[in-house]
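Structures are listed in the sections that come next.
Consider the two complexes below, in which chain A is the common component and chain B and chain C are the respective partners.
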Partner chain A sequence: MDLKEAVKDKIPWDGTLPLNEFSLSASTFSDKWKMFNHSFPPWLWNPCPKHHLNSSHKVEGYLSLENVCLVKSCEEEKNHGSLSWKAESNISQAEEPFDHATLVCPEFEANHYDFHIVYSPSYRVPVLYFRSYYSDGQPLPLSEIEKDLPGHSAELLLESKWTFITQEEHPYLNRPWYKLHPCGTRDWMKLLLSDTYTSSNKNFIEQYLVSWFSVVGQVVGLKISLEMLNIEEKKLFETTASDIFE
Partner chain B sequence: MSEAQKYVWKGAIPLQIHLHESEVTTLPPPPPALVLAPRIGYLPLLISLLKPHFSATLPPGVDTIWFEYKGLHLKWYIPTGVLFDLLCMEPERPWNLTVHFRGYPSNLLLPCEGEDSVKWSFINSLKEAAYVITGNCKNIMNMSQTDQVDLWGSVLNGNLESYSRVSSKLKLETFEDEYTENVDSASTKSQQSTGDAEAVGQVKTSRIPVRLYLWAVNEDFDDFEDAPVIDNWDKVSYINRPVEIHKEDGKYFSLNDAVKRLLPEYFPESSFGNEGDASINQSAGEEGENSCDPESSSHTVEIAEIKCVRIQGIEPSLEVPFSWVVNNLMNPEYFLHMCVCLKVSEANALQ
Partner chain C sequence: MAADSPTSVRKVVVHLRATGDAPILKQSKFKIAGTDKFAKVIEFLRRQLHRETLFVYVNSAFSPNPDELVVDLYNNFGFDGKLVVNYACSMAWG
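And now, the complex of A and B:
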């Protein structure tokens, strides 16, 4: 280990993810998602900008998970933080509701969601962007989205509306999207992971997005399979999103 | 307060604002409104001047103001001066805009509910800038109510003196003065004083908040009159990325250096020293090796050339120290907004 590495170990980790590690962390996340979250379609990598350039340069991009439908669940389920999601498909009706290959979204009662994970160079953390629309393509107002969120998120939203979910232009797509504001991310990622951090732990960087999503996903009701986390993280995973956000 | 800052704060764009014909209900139609819009201000704030001017002719209903230029809706959270520098590269004086009070394009444009929305957007950007410079938003979150009101008021009224008074409390200086070393973030500062950092040769970085509006063209042109028009926001790349300053950059890190550092995909040599990617543009060589086909023995390389960098309506020499540019030309929310036109061409590389 050279001197630089030795210095890095002395400095406590600040909870951020370096820009050049984002695509690696993203591919680990999407691979694990594919392996363990069968009921969902995979996350896709979207390179940006789209114009052709020096191909050797590491391409910027973001992850997308689009057109997942939120099925109206009863209040009790929502209070336990779990929502029922189904993926859009145009094949026949299924008996198994969580097999995404054979499910049709009930058109009259489904809210469609698109999720993007975009890196913020200012905050040096990933940010979750999302938007929601009815089956006819009309966007959902925030008041309707709030109704869709798991119980504890809605409370947080009411308390600090401006600093929690905000509406901003998507960094690449020139359209208004909603996002979970990133200014606290670094702090709670530090809480979550600093025990497992060492600069020589490459696995740590790869796991960053998985760990991050284990918290952020809960806010929007997307629970990841615990199998995606490694053993240390499972131990730490007693925290819920509301504990972290408070 | 430097002379340059005074000029920036006094800078204004003469606008000739026409009400969209679909909203004109009287004959003759109202004349356009002539308004001097502050460069560092935002278009929706002009409603106090425009509403009285057009109210007699507007159809009944709720007013939500939005603007367009030659069919392109204008993003209201971008400072007026930046919109002008970007969309009107060949300056039009006065700048002819169309105003709407109805039919807000909410699928395209973030909602704007008056001054509060603009103020919120401004504070949010200020928080982001503070985060970039110091690593946290505390000094903004901890602002007293009076200071917040004074700060926003000074921007609304274009009062640089009042602004300087409040903003100096925020301690967001990025460069100490024009040609000295950079102000480090709090954590590295303490290490510097104990001498530990020097002993192990740690690289110190500063981060400068920048918003770069990039417009790449393939054809060459002599005058901006002949330049291809920006008729769609997809033609502009919005790059919201801080400039990372390294210790070894020295005192004369220029505007040219900063722009190239922000665009590693166009200027790969400049990325040496940045975190990570030291592999420079090897693609040409690698592709050449892999393709054994004699037909494809020549391959193309892309060359980018900075055609224009426009900041606060001026095109500074690219050799000006970046520290001067930041200190004197940044906007009140501590972001430096740069409009950059890049000419990208393909050239056949020789083996």
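And now, the complex of A and C:
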């Protein structure tokens, strides 16, 4: 390790992910998701539209998970942090047509969601963007989206201002999307990853998005599988720490 | 970590650890049924601390989804016979 690296590691980490590491972290995240979260379609990498590459921020692309349907039924037990999702192509077989004229709650409703993970050069952290629309393509207003959110855990995160929902133009797509505001992200990422951080640690970079998503996913009801979390390595680390401190 | 014990009778020891300036609990260790969801731990913390706004995480660098079963978290991230759960309070934005 050269002197510059050694000095860098003495400075406490600020919770951010360097811009040039985003695509590595994104590809590790999407690989692990594909491997361990197979009830979902995979995240796809989208290179940034060409006209954005001329800016001083050289963000290469973003991740997308699109057209997942939120499955709701009247009898569904209220979950705390996760929701039932289906990829759009699975819906048509299962769905029964319902009669708009009746007062009985339809057995099956489907709101469609698109999720994007976009790097913010100003905050130097990833940001979750999302939008929702009915089956006929009409966008859902935020008041309806909030009814979809998994209740308790979403409320806690949003009320606490660890993150909150705002609407703004998507950085690359020129349309209004909702996003989970990134102003608090570096603070809670510090809590999650400070112990494992060193500036040259590739594992840390690969782990960043997985750790990050464990939090933001709760707000929108997307649950990561525990296998995504480098279990064997973590157990090794924990054993060492407990020997020293206890 | 025994995966062969029946989870219905097995209790998990949870150790709640305050981080930052979060208040320390008088009693920070307790037992919970493995088949309970993590939501119960979060709920317990909120009641004990009289605070709505808590950030709860496990040292293996993630925040567990409230729908996770405590026994799954213990089996994967527990050590020395317990599951350590950290908590922090809302920070003021600068």
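As a convention for this text, the second predicted complex is superposed on the first by the 184 of 246 C-alpha atoms of A that agree within 3 Å, B and C clash if a C-alpha of one lies under 4 Å from a C-alpha of the other, contacts with A are read in each partner's own complex, and residues count from 1 in each chain.
Operating definition for what follows: contacts are C-beta pairs under 8 Å (C-beta built on N, C-alpha and C of every residue); 3 or more make two chains touch, one makes a residue touch a chain.
What you are looking at is a predicted structure, and each value in this text was computed from that prediction instead of being measured.
Trainee: Is A:Thr166 in contact with chain B, with chain C, with both, or with neither (first, second, both, neither)?
Mentor: After superposition on chain A, A:Thr166 lies in contact with chain B alone.
Trainee: In the overlay, answer first, second, both or neither for which of chain B and chain C A:Pro18 touches.
Mentor: Only chain B is touched by A:Pro18; chain C is not.
Trainee: Considering only touches as defined above, state whether A:Pro176 meets chain B (first), chain C (second), both or neither.
Mentor: first
Trainee: For A:Gln207, decide between first (touching chain B), second (touching chain C), both and neither.
Mentor: After superposition on chain A, A:Gln207 lies in contact with chain C alone.
Trainee: Give one of first, second, both or neither to describe whether A:Tyr123 is in contact with chain B, with chain C, with both, or with none.
Mentor: It touches chain B, and chain C stays clear.
Trainee: Quick one: is A:Leu193 in contact with chain B, with chain C, with both, or with neither? Answer first, second, both or neither.
Mentor: In the superposition, A:Leu193 touches chain C alone.
Trainee: Looking at A:Gly217 after the superposition, I want to know if it touches chain B, chain C, both of them or none. Which is it: first, second, both, neither?
Mentor: In the superposition, A:Gly217 contacts chain C only.
Trainee: Using the superposition described at the top, list the residues of chain A that contact chain B and also contact chain C.
Mentor: Looking at chain A, the two contact sets intersect at 162, 183.
Trainee: In their complex, what parts of chain A are in touch with chain C?
Mentor: 79-82, 152-153, 156, 159-162, 183-184, 187-188, 191-193, 195-196, 207, 210-211, 214-215, 217-218, 223-224, 226, 229-231, 234-235, 237-239, 241-242, 246
Trainee: Quick one: in the complex, what on chain B touches chain A?
Mentor: Of all residues in chain B, those touching chain A are 75, 77, 106-111, 120, 124, 127-128, 131-132, 135, 137, 187, 200-202, 209, 216, 233-234, 237-238, 240-242, 264-266, 268, 275-277, 279-283, 286, 301-302.
Trainee: Spell out the residues on chain C that touch chain A in their complex, using ranges where they run on.
Mentor: Those residues of chain C that touch chain A are 19-20, 37, 39, 42, 52-55, 57, 59-68, 72-73, 76-77, 79-80, 86, 88, 90-91, 93.
Trainee: Where on chain A is chain B touching in the complex?
Mentor: Per the stated touch rule, the residues are 3-4, 6-7, 11, 14, 18-21, 49, 51-58, 60, 121-123, 139, 162, 166-169, 171, 174-176, 183.
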